[in-house]
């Protein structure tokens, strides 16, 4: 493997509070050093990063790879290529596959299939068998097989006792539980956020209270269980407030937010004429919620940004609103969308180092993953970003098998130009190298 | 020349007062044809129309079919069964068939809100929404307005009360938009569990006391109460609903003498509306049915009468 | 397209005389008014038919059935027009069967309006006969149709427009030929 020297870039490593122009040398797949004026070793490939930003390889902790079972939507190969194209070196894959990832053999399948792929895949095991919320899955054995966290994501854990036991038990194996907060009877049959827009459109709504009631329950339970609780895709102002209070009380709860909840609202369901690319769960909320999510992200209440990449085949989404599945693809849009937010200055105090932190060191910390840092001796997972690059979202050019996005056609400023995984370039100029 | 410059009729929310006026005036001319011995004009000879009903409907379907026959168009009616709808394949495949068969106008009733938007986006043919889920039922709204206009001579400054399940009602939504655009004052009455969330987005006042709501009202419109709403836990029993919110002579004792009583049908007699009122002198329920054909003839003419560019 | 006034072919007096003459011809041909009915074609046929009714009643006092016909829905060019014409109400409040119907219009040109009007009338019943009265016949027929009563024959070019103005609708009473002048 040729050494790689990246010269003259702005190196941002939130894990070390580092933000300086420097050179970075990679040798044998390991970060050798970050310094000014490194001489290129013989035979080294030199990347001129003048005007570019060098960051730890980005990690998306909420991705659905659909493999096994729904490979027509996405598979581990296409999903990791999409990750590399989008500037990610690692993804955490949810367990709602077919069969469900509730068994050590399934965890091993994912890891085997991901060997040699364009990004690292960290499997998330199911919390309960078959995602049915009734019997606890073999968390310990899955952990040993390589699962990094446990979740029934896509579905809430209805039973309070089940959630209590899962949190308590997982504390014994030090693995976080990821909660999809949705009180199922309040949200039953809902297609979008419940409010004025759902009333206008005549679509059944999911009230903000459905998310908040379940989150409140889990926070109460968490107080008596110990363990680690991570809240997936926080979407309402009330949830942010509950999390802020819990953190103030010293509860070690973490959370993530998606770019779509930060950027668009339920108005888009109406303005797009019921476009199914606006159908996501949790649903797009109101402008007030959107503002609150930004506040939560900026003040640290929300730890990470994650895409909730939910690929679907075009045929699955090309139908009546009620019948279309929830979810949009996000691996190839997340970074450019968020870079554009930094560049535009629309959100006060949202800086590039903060964005990188929410996409690298914070995810690594939450799931206790090895990456997310540029410390010498770490695996050479890096992302190189051109913050001045004009980027137009065009699903037709995606590496993902899916095309479902409400952001198609958006003209943005900022895009990844290199993704490097373990010292190997996996993406150059937006195109995966293999 | 006033014309309707739109491809589709999806709802009254997006329609202007001028457009609504044109439709109502055209409907008035169409109603004359219905009174002839030979109820047929050759206007839409050779134009093809498809009626696509994914929900059972007697009145609306018959009304559209008669309107199509009176206008001499060639119409085919297809009843989609809701069981084959589960994965939405039917509508998507139908869309392709519509294109190939050269249908120029599709009338669709569908249980999913927004499905007429989906269809309109996917085909070149004009689409008339004959009711989509809980969203809108624009032709019903128009025929209700036509009925009021014919009986009262105007819509401006009339006070109209809609009573019942506003939340799940596409009829209510179309009327709320249409009547307010035409200058009427609209209010709604019924149990809070049957009101849509954030009701103020429609700009109407809500009453829980029916007698208070109908005071000074020029029109009161009762909506059909679906049994499954009670099963869904939104109110305790049909009996209690009738007692608290049903319209009957006693409850309207202090209402205006010339108040119109309307219902989109079919009526649950004795629940939302008493027979005494439904069949009484103030009832214009039958006028509504007749108006339906005239309004639909007008829409077919306005959408298909000229060539499309 | 600019329109240029070319000539006035009838003035108020000329129009009155023409209608009076037509009234006499109607009475003569139908041997009285017993089975006569008048139907004006919208728009200018209607006030003209009203005039005729008045002149007929000067000759003989009789309650002549009167109807208004809007032929929009019977036009044969609807699918060729981008904007559909506004529909107005037709009002034929009597049974046409066995009546000698006098159809009244302002200008007879291609004959297509009259064709549409005859189609419409057939839907109202089976008249004994249909006769056509027009104020102006300007030629250029596209269908085998002729008028039974003509106020004035006005040979015209296709490039010209014959404009009939009637007091009730236009605040003037005359017939003009206008020429379409290229810009």
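As written, the chain order gives the labels A, B and C, with residue 1 at the start of each chain.
By definition in this document, contacts are C-beta pairs under 8 Å (C-beta built on N, C-alpha and C of every residue); 3 or more make two chains touch, one makes a residue touch a chain.
Everything numeric here is computed off the predicted structure, so don't read it as measured data.
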Worksheet item: Whose Cα centre is nearest the centre of all Cα atoms in view?
Response: B
Worksheet item: Which chain has its C-alpha centroid at the greatest distance from the C-alpha centroid of subunit A?
Response: C
Worksheet entry | Between subunit C and subunit A, distance of the C-alpha-averaged centres to the nearest whole Å | 77
Worksheet item: Taking each chain's centre as its mean C-alpha position, how far apart are subunit B and subunit C in Å?
Response: 40
Worksheet item: Roughly how far is subunit A from subunit B, going centre to centre by Cα mean, in whole Å?
Response: 45
Item to complete: Would you tell me which residues of subunit C are touching subunit B in their complex?
Response: 70, 72-75, 78-91, 119-120, 123-125
Fill in: Sites on subunit B touched by subunit C in the complex
1-3, 22, 25-26, 28-30, 32-33, 36-38, 40-43, 46-47, 71, 298, 301-302, 305-307, 309
Worksheet item: Which residues of subunit B touch subunit A in their complex?
Response: 13, 85-89, 91-92, 110, 112-115, 117-118, 121, 132-136, 170, 173, 196-202
Item to complete: Over in the complex, which subunit A residues touch subunit B? Could you list them?
Response: 194-205, 207, 273-274, 318-324
